[in-house]
Amino acid sequence: MTYFFKAKFLLLLFFLSLLSANLILAFEREDLELQRCQHQCKHQEKFDERQQRECEQRCEDYLEEKQRRQHVEQRREQGYQEEEDGKQYRDNPYLFDEQSWRTVIEEEGGSTKVLERFTRKSNLLRGIDNFRVSLYEANPRTFSLPNHWDAESVSFVTNGYGTITLVKNNNRETFNIKRGDILRIPAGTIVYLVNKDKQEKLQIIDAFSIPGHFETFFGLGGKENPESYFRAFNTEILAAAFNVHSREKVERLFGERKKGVFLRASEKQIRELTKHASSEGGIWPFRGGGRPRGPFNLFDQRPSTSNNFGELYEAKPHEFKQLPELDVGVSFANISRGAMAGPYFNTRAVKVAVVVDGTGWFEMACPHYHPSTSQSFEEQGRSRLQEEEEEEREGESGPQYQKIRGQLSPGTVFVTLVGHPLVVLASNDENLQLVCFEINAEHNERIQLAGKENVIQQLEKEAKELSFGVPEKQVDEVFNSQKESFFFPGPHHRHGGGHAST
Amino acid sequence: MTYFFKAKFLLLLFFLSLLSANLILAFEREDLELQRCQHQCKHQEKFDERQQRECEQRCEDYLEEKQRRQHVEQRREQGYQEEEDGKQYRDNPYLFDEQSWRTVIEEEGGSTKVLERFTRKSNLLRGIDNFRVSLYEANPRTFSLPNHWDAESVSFVTNGYGTITLVKNNNRETFNIKRGDILRIPAGTIVYLVNKDKQEKLQIIDAFSIPGHFETFFGLGGKENPESYFRAFNTEILAAAFNVHSREKVERLFGERKKGVFLRASEKQIRELTKHASSEGGIWPFRGGGRPRGPFNLFDQRPSTSNNFGELYEAKPHEFKQLPELDVGVSFANISRGAMAGPYFNTRAVKVAVVVDGTGWFEMACPHYHPSTSQSFEEQGRSRLQEEEEEEREGESGPQYQKIRGQLSPGTVFVTLVGHPLVVLASNDENLQLVCFEINAEHNERIQLAGKENVIQQLEKEAKELSFGVPEKQVDEVFNSQKESFFFPGPHHRHGGGHAST
Amino acid sequence: MTYFFKAKFLLLLFFLSLLSANLILAFEREDLELQRCQHQCKHQEKFDERQQRECEQRCEDYLEEKQRRQHVEQRREQGYQEEEDGKQYRDNPYLFDEQSWRTVIEEEGGSTKVLERFTRKSNLLRGIDNFRVSLYEANPRTFSLPNHWDAESVSFVTNGYGTITLVKNNNRETFNIKRGDILRIPAGTIVYLVNKDKQEKLQIIDAFSIPGHFETFFGLGGKENPESYFRAFNTEILAAAFNVHSREKVERLFGERKKGVFLRASEKQIRELTKHASSEGGIWPFRGGGRPRGPFNLFDQRPSTSNNFGELYEAKPHEFKQLPELDVGVSFANISRGAMAGPYFNTRAVKVAVVVDGTGWFEMACPHYHPSTSQSFEEQGRSRLQEEEEEEREGESGPQYQKIRGQLSPGTVFVTLVGHPLVVLASNDENLQLVCFEINAEHNERIQLAGKENVIQQLEKEAKELSFGVPEKQVDEVFNSQKESFFFPGPHHRHGGGHAST
């Protein structure tokens, strides 16, 4: 009977030990991700800030990311059903929608938003990771508080009428600004704006080139909303610096104010603040980080391309003394309703396009090695190395190209990489208007793949025939029929664009 | 008796509990690496593409890496036995052998290969990580399909006779190319080549400078081999862009073809494709990303250094209008059988050398702090920081230098870092021929450590005597005996080089 | 009774199983950090050197870091108690104290030290990670061994009298150097120095711009202290290169010496080594990596700013032909005892300041979103992204600013980021002297926030009143009372600076 007991208990023991084992393992498993995340953070807070940053990012992103996923799922269910070519739409690493904008300041008088880091969306965009985009919007009759950034910027006024004042040592200048004005603001310049209009909002898109940081500094603030950076200094040090004998004076000046960044200004104040504004950038030659020069208006010049289906205005770095140090080009495209721009590609510039008005969509061709097996475009982020290995494994002959498509509406931003063929389409309902920043714009060329000037028609007969394996006539029938250039009538029987599957 | 039972069972319980514990831990241990890898990937696919890339890389590399290890082991057993100086040969982070080339296209008509990323081999090469090398080889009488890259490139023709055609908006040019020709191809230029010879292969080495990507784009393809990027667009969008009314026309043009990239061309086709080829780069001044200019031949100029033991031809950026934007120099070294080049070092340029003919080996001196304890050269990848800590710990006086040696044969590539003393030796059987790309070549100087112009002989008597602690005479006996410069007769009693231990 | 047993044993079983489970988990927990560290290293040594570097760094740092923490704790207990504004001092990511210097060479004759990598302290400094600072100190009547670096450098002589000799192919030049001399040394230049004074030490601060590496190369050494890089080559290869027939000769020359880097030199040797020294950099125009040019003395020119409270001497890149290629400015500030410099900020340059004499402290305003919750300044290293999320969560209006304060004494180094307001104070006991390297100095401006030329006084009445919410009079009372500029009398009732809490 003892033996019976023993045997029985031994079985029990094994059973329970293994049970406990499994429980533990299971627990370990489930718990592992979060655990690691926290351990890493604790770990790396001690030692390595780069790691810590990435680690904390992962942890912090968790909730928001989940939401984004769900959002993506929805979008897929909506408009992203299978296509005739058997390829599928997936989360788009080149498209930034309303969810990608972070609110920095949100007040009754106005707001500023910043687009998330490009590399947060996809490592494919690492080439422009030191480049940020922000949105400024001020209500009528407001004054926005002086501040400076630690980054070089290019501003494009998309709406309204106002003045901008740039202050440096021994130098203050005020310029009138209106829709279409482009202004380069060197890092460290103290800037404040006035929306002098009675109805219109003043809207500005800023592109920042950052050397690794991206900070704004308010000196003329109070205890908060915004805080003044003077408050970071010991008040008696300030008293000494200002040569005032009562610390109270200093504390009072920086202590009370709680008004916010966008302030309602009186008629008189606006008159005073704007009366000396010049509309042209003065006469001295512009120098890199030196004395700022005034705005120029993109719409004062003739469009570089224009027909019934759209207009393109361009400010190339070498054309404007203001831009070269930054090597950022600015352009404005207005695509007529139902029309399209491209297909074309840029030879050198990475293009960041911000939709300012209208709706539509874009399609881009991206080299991709295994559309069949790829789970999501995020895989595009994997290293060339893996792609090489895949090529090797498959012994494929050359790359394949996957369609990237994205819905466009005001506030959406999309990025076009160098050499990637692209087409942008306006919906049939309204014109599509884009402000584009072209990074590394120097010597960039737009190579056109359709239309009167398409590059393919430049090949000689033999090259066409060898390449396509058909008589030149068949090639020309396709490539020489379009008499327009760059902007074309779109596929008219489409409606509302984008979702229509064909 | 119950007590007897109890006690006994308690012991059993402990025994078994601990057993289960150990089982679990053991399991956890073993499993941990793979588990982490997968968890990380799942984790980071969600959040962070850079991490995901690295993670997936690790997982994907696993098998291949194992093989490489074994290969390295073999090489050690073969030729890497102890040396008189007690140092050992180990896996070489500066050497890329046949295993480092990835096949992109492999066809009857020709092939293209790309060298793996430099940083994949060693983090020591991070300085040139945005630089890639590729090999192009086309069989006689072939036409290779037009394509463009998203990277700037410099091409060196190592064999054969052909034409290259560069196409941009409103501009097509065809140039004859032959061995020794160097050609700069701006990013986004559409390029196609013809091997017009009846016997010779056309071989080209390309160096690419990439802003973070490295993609090739074929527009004039079909369904596959290669796919045309036009296929990534909706056919009705293309129909609209091309202004053709039947989508079928478009689908037909891009739909059927399956011919591959390297196409056999008829006599007539080749005659037509090459008849307008010019041998000189036209007359307009070359502009950065602008209109491309023709090839120049490295062998048309006199060698910068030449004697019975070798010849060096150099194309420095500032000598050729084509190269400056890239700041890449190109040179060709021909080391006579049994001879050697150097020792010398580069003051600014990182040199990437591709062996095009012959066999031999190189030796390079690398700062290294604990040869005795280091497991492999990969440790060289550890941060300066650690080395500093080691110095601190050891209280060493200055660095020590470890020999890096690598076998050279056609297709091997090796990298020389700035300031690192180097010697390259040809085997006794055949000349060793190298094509070298010098990155950051502007203002680079080659500092010679032996021969008629060696830098040491420039020190004054006292500097020599203090440094070596011997009379100047003894120093000069060593440093002033060699009357040749740069190329010298090698250590003749060696055979086949490399393995011979002395 | 068996049931009684069963029940009892079942309870025991559960108890013990769970116990074992907990034991295991606990063990796993504790062990996890170290385990992961090692696993990662093993893992990544196989695959990914960057990762390996970071991983090994973490492991290796462990001990030292703990010490640093304790040190920081002490410092907090000492001088870092709460402040009136409720903010706390915490570990300072911009300050490098004696613990941050690594000894490279420590000999009777002299020493060289290197400052740790900036990013090791904080990822906020990633913008200057390819920039290093070193200290050279040679005792009287010494000769220091010829060597070269793989990095561009700018040297500033802080004390003593000596000569520096720069050697390149077919070119040797010797220059006299003394306190205040600035000298640019191109990468790969072979350099040796003589301290020709009988009493004074020769002290030099070097700033290095590194393309990713930072190595020193000694050719004229022996077996060790330092080793000669010639020893890394096969002796028979050297014999062939030198064209000497006995390998012994070569082995003897590089074999015996063990003297060290800093060598005592005789009167006669010093006379010979220094007699041809010129004090000016010759007449030819300086060319980037080309022929080096001699030193210029910062104190030969008039200070750019000067009053009873301090002097500032500046060498701007565009003023001196030597510096532009590097875009590094050098300046020297002498702040009188009890006085202060600033508050001000730099518009473009990141400033690295090395304290060469005196004591004091600095205060800097840093954008920071949740001072209340932040655990340490290391958190500043987290990504903009998180800060954006925080803003979003909080719906805060604009950033807040945290005070960074650091004690200054000889050898301490601190970094000022672009746009960050800063004030530097000398203690009441002695003048504070700083050598500053300004990275990205081109077009940099110093924006003054107090004193005769402060930028705030440039705002018009309405801007001041709207911003501060008080009558202009109150603003001017604070900002227009100081008649000095840049250097001001400090808060006199302070003693010894820094610790005094107010």
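Labels for the chains are A, B and C, by order of writing; each one numbers its residues from 1.
Rule of thumb we're sticking to: a residue touches a chain if its C-beta (ideal position, glycine included) is under 8 Å from a C-beta of that chain, and two chains touch if they have at least 3 such contacts.
Given the structure is predicted, the values throughout are model-derived calculations rather than measurements.
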Same or different contact residues where chain C meets its copy chain B, judged by the half mark: different
Angle of the C-alpha superposing rotation, chain A to chain C, to the nearest 5 degrees: 120
Cα-centroid distance, chain B relative to chain C, in whole angstrom: 34
Residues within chain C bordering two or more other chains: 5, 9, 13, 17, 20, 24, 28, 36, 54, 57
Residues of chain B that touch chain C when the two form their complex: 2, 5, 9-10, 13-14, 17-18, 20-21, 24-25, 28, 32-33, 36-37, 54, 57-58, 61, 65, 69, 83-85, 119, 122-124, 126-127, 340, 342-343, 345-348, 350, 363-367, 375-376, 378-379, 381-386, 388-389, 391-392, 395-403, 417-421, 423, 425, 440, 442-451, 453, 455-456, 458-470, 474-475, 477-479, 481-484, 488-492, 494, 502
Touching residues on chain B, where the partner in the complex is chain A: 1, 5, 9, 12-13, 16-17, 19-20, 23-24, 27-28, 35-36, 39, 42-54, 56-57, 60-61, 64, 102-107, 114, 116-117, 120, 143, 145-146, 148-150, 165, 167-172, 186-190, 192, 211-222, 224-244, 249-250, 252-253, 256-257, 259-261, 263, 265, 269, 272-273, 287-290
